[in-house]
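Both complexes below contain chain A, partnered by chain B and then by chain C.
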Partner chain A sequence: MALAIFNILVFPGFLFLSVYALALEYVDRKMYARLQNRKGPPWFQPLADFIKLLGKETIIPADVDKPVFKLLPVFTLAAVTSAFLYVPIWGTNSLFPFEGDLIVVLYLLTIPTLTFFLAGWLSNSLYGAIGSVRTVTQLFSYEVPLFMALLSPAILADTWKISGMAEFYQAHPLYILLNLPAFIVAIIAIQGKLERVPFDSPEAETEIVAGSFVEYSGRLFAIFRMAIAAELVVVASLAGAIFFPVFAANPWLGFLIYLLKTLIIVAILAVFKSIMARIRIDQMVMFCWRYLAPLAILQIIINLLLKGVLPI
Partner chain B sequence: MSKRVVIPIGPQHPALKEPGSFIITLEGEKVVGAQVEVGYNHRGIEKACESRTYIQNLYIIERVCGICSHAHSTAYLQAIEELAGVAIPRRAAYIRSIMGELERLHSHLLWLGVAGHEIGFDTLFMYAWRDRELVLDVLAMLGGNRVNYGINTPGGVRRDIDPEHIQKIRDMVDIVEERNKYYINLALGETTLHARLGGVGRLSHEEVIKFGAVGPVARAAGVAFDVRQAEPYAAYDEAQVKVITDDHADVFGRTVVRVLEIMESIRLLRFLLDNLPEGEIITKMPRRIPAGETVSRYEAPRGEDVHYVCANGTDILERIRVRAPTEANWHGMSHMLENDYLADVSIIIAAIDPCYSCTDRSIVIDNRDSGQQTIFDWKQLRQYSIDWYRNRGVDPAKLANRLPRL
Partner chain C sequence: MAKRNIIEKAIDWSRRKSPWIIHFNAGACNGCDIEVVDALTPRYDVERFGMLLKGTPRHADVLVCTGAVTLQTRDRLKRIYEQMPEPKFVLAVGTCACSGGIFEDCYCVSGGMDTVVPVSAYIPGCAARPEAILDAVVKLLTSLEKSQKAIDN
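Entry: the complex of A and B
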């Protein structure tokens, strides 16, 4: 019992997630800055930003539903933290593995998107409303390819369990190359999920100010920011566990490998962020349904066919 | 999707670098109506000039715009030099042209960065502004300041260009040329850039002429007009300008025109430095300017800059009218915004390289007497002005180009 509480609150739960989220945010920002020929922030900048936001005045618009408005950031962070408990960190096993945890993680990762929508919609702001409509429009375009891309390796491994998939691909490392199209789809769709350039139109600063978060300030916004940073960690860990099947029996070594995998994914995302312009929401929808979804379906077909052929 | 939403962009908005209001009517994400309301930055520049001497005015006029300060001060000085009948030395004319081209370099690089930022391409923003810094360093070296160089003075220029300055300009130009080749490739080849800029904010050839748009906006629609070539001033009679045009007639075309104009400016700079004549940089200029009026034109980085100066024989001018290039481009703005997406609004506004405070003048609509509004068409307005003068005993037909007694 005590161990479970420690696991949930400290490692690999809430505390570790928060610290690693800040660390990855730093890596992301520093890499982005270096790619842009800038110096970039010092290592403590994400933490400093977080503390500063905590100390700022929290302004709540007069005509919003106050309890919901205050609850949404916390709810987002809670959903992201829960999702993190089911992702393998130090080896092939996660904290509480069970058959179907992949679906649960994906479901929990959808909650932030919905809370972003609610945050914008409930804040009674035009920019917020437009931002939230864009958030949902974007959700409908990347969600299907993302799910298909993450589920098709599961089809080949014949399990809905993340640790089961990890074990399968550890036993057959070359099979992961077959999932290359799914990896490409996943990396692109992840950027839609995390609302990063080129898919950041839901919070496009120069168009709709900050989209869903336009009315959020102070402590509530700090929690939202933390939740977004944590979401990056969870998504990177999930993609690392599924697409980079390198694990070690030794938990310390396994943990180092985990750090390396997430760093690689964050680096890929930072490069994408710095080489592209923000594309319009209609272009985003068209791109996702015209290219990503068919590629993901192709992957599922390939995996279904291979399952009958390959020795497993 | 038939429900219409009215969304304000401005007066305060992250996409706008200065206050200005754009009332956008949306149907879904599509803009169906746009109303442009500028005038938040009225500074009374023209009025301020009417109570100061010509020399003092130079400092006010230079501060009309932070980016094209040299454009405004040169246009103003050309006007008063013409009225005084003073011809500036050739070397001064060359130095003015060199400053003008350097200013164009930094202005276009600045625009490129802003455009990148507006479409969420911050890397382009950082790169372009890094390279702009090189140009600003050279400008600071030549004039003493990064933006208000203060190199112009009535009758010539205040500072000479030394051989070592020339070498430094050449070094800078080489680097900027190299970097700009990269931007040209980027502008012509990068997919997301083209997806965001192509077909956005269209203003066709006919519409450019109808709305009187100037500068890169006009040249991007194939209107080959450049004051440097049409009515050469300073050293442009010798440094022949090749007018850059494009036929995309959209924001993409404006980007292409600007990056290619950087190349043209670099070529002109090399020519000007190679052929810089020896001699004086300043001639004597009278304090009192003889009565008269004139219009002076200058090709600022944003388009044609027009200054009208009316002198009355004293050392204080009677009237000055500054028509900044942005003012000509505002007229087509709501047309450009309509039928595009909300996401494109900021880049369309940015694509004319707007300069709000340079443009804003006070407008008084006085209908106290009638209590109702009347709309004049062009013919009526012209007739009204003729009648207005006739009633005061002035026959415009007989005036020709003479100055009316004020």
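Entry: the complex of A and C
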């Protein structure tokens, strides 16, 4: 019982997730800066931003639903943190593995998008409303390819358990090459989920100010930022566990491999952030349904066919 | 003066290290705005000081304001300033923002930035150079550090 509480609150739960989220945010921003040939922020920058926002005045607009407005950031962070408990960190096993945890993680990762929608919609701001509608429009375009891309490796592994998939691909490492189209789809869809640069029209600061977060300030916005940074960690860990099936029996070595995997994914995302420009929401929807979804369906067909052929 | 605890010191430190800015044109000829935008390019790299350009006043700490305040924008400027959460600072960029410049005593101009909102730092120049803007920000943060240290001692 005490160990479970330690696991949930300290490692690999809330505390570790927060610290690693700040670290990965720094890596992301520093890499982005270096790719633009500038020096970039110092190492404590995400921490300073977080503390500063915690210490600032929190303004709540007069005509919003106050309890919901205050609850949404906490709800987002809670959903992301719970999702993290089902993702393997230092070995093939996650903290509380069960059959079907892949679906639960994907479901919990959808909650932030919905809270972003509610946050913008409830803040009674025109910019917030536009950002919210874009968030949901984007959800309907990337979510289906992302689910198919993460579930098609599960078809080949014949399990809905993330740790089961990890064990399967560790036993058959070459099979992961068959999932290359799914990996490409997942990396692109992840950028839609995290609202990163090619798909950041929901919070496009140059046209709709800050999208859903336009009325959030101070402490509430700090929690939202932390939740977004934590979402990056969870998504990177999930993609690392599914698409880079390298695990070690030694927990320390396994943890190092985990850090390496997430850093690789964040590096890929940072490169995309610096070489791409924002695309319009209609272009985003068209791209996702015209190219990403068929590619993901192709991957599912390939995996279904291979399942009958390959010796498993 | 009571000794401040470590949390208050940490908050002071973080305020010096992470000034997020919002840019507002109160009636400038666009010369200073171009220079502000120039200061935000990768060449000058304001993210070294933790500065980020924010679109909404709710997220910003520093209001970077250009131009003499016209009667049209006076109420808007006041409203933008009031929408920013405490603590907040105002930078007056350019001679017009400092004093009204050549628009002083014009029939449609209220004057410099300090006729409407309290100003923390003045950056003269027509137009103010990006180096001058960065210098002003760093001086503002240094003076903040000095006053915070003075409270401690």
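Definition applied: the second predicted complex is superposed on the first by the 312 of 312 C-alpha atoms of A that agree within 3 Å, B and C clash if a C-alpha of one lies under 4 Å from a C-alpha of the other, contacts with A are read in each partner's own complex, and residues count from 1 in each chain.
Note that a contact is a pair of C-beta atoms (placed from the backbone, for glycine too) under 8 Å apart; a residue touches a chain by one contact, two chains touch by 3 or more.
Given the structure is predicted, the values throughout are model-derived calculations rather than measurements.
After overlaying the two complexes on the shared chain, residue contacts for A:Ala239 are found with neither chain B nor chain C. Of the two partner chains placed by superposition, only chain B is touched by A:Leu126; chain C is not. In the superposition on chain A, the chain among chain B and chain C reaching more residues of chain A is C.
Of the two partner chains placed around the shared chain by superposition, chain B is the only one that A:Val197 touches, whereas chain C remains out of contact. Using the contact criterion defined above for the overlaid structures, shared-chain residue A:Arg278 touches chain B, although it does not reach chain C.
Of the two partner chains, neither chain B nor chain C is touched by A:Ala21. Within the superposed three-chain model, A:Val214 lies in touch with chain C and out of touch with chain B [touch as defined at top]. Contacts of A:Gly55 after superposition on the shared chain: chain C is touched, whereas chain B is not. By the document's definition of touching, of the two partners only chain C reaches A:Pro41; chain B does not.
Shared contact residues on chain A (touching chain B in one structure, chain C in the other): 36-38, 127, 205-206, 209.
Residue ranges of chain C in contact with chain A, taken from their complex: 10-11, 13-15, 17-18, 20, 42-43, 45, 47-48, 50, 53-56, 58-59, 61, 83, 85-87.
Residue ranges on chain A touching chain C, taken from their complex, read 29, 33, 36-42, 44-45, 47-52, 54-59, 127, 205-206, 209-210, 213-218, 221. Taken in their complex, chain A has these residues touching chain B: 35-38, 126-127, 129-130, 197-198, 200-201, 204-209, 274-283.
Per the touch definition, chain B reaches chain A in the complex via residues 5, 7-8, 13-15, 26, 29, 116-124, 126-127, 130, 190, 192-193, 195-196, 341-346.
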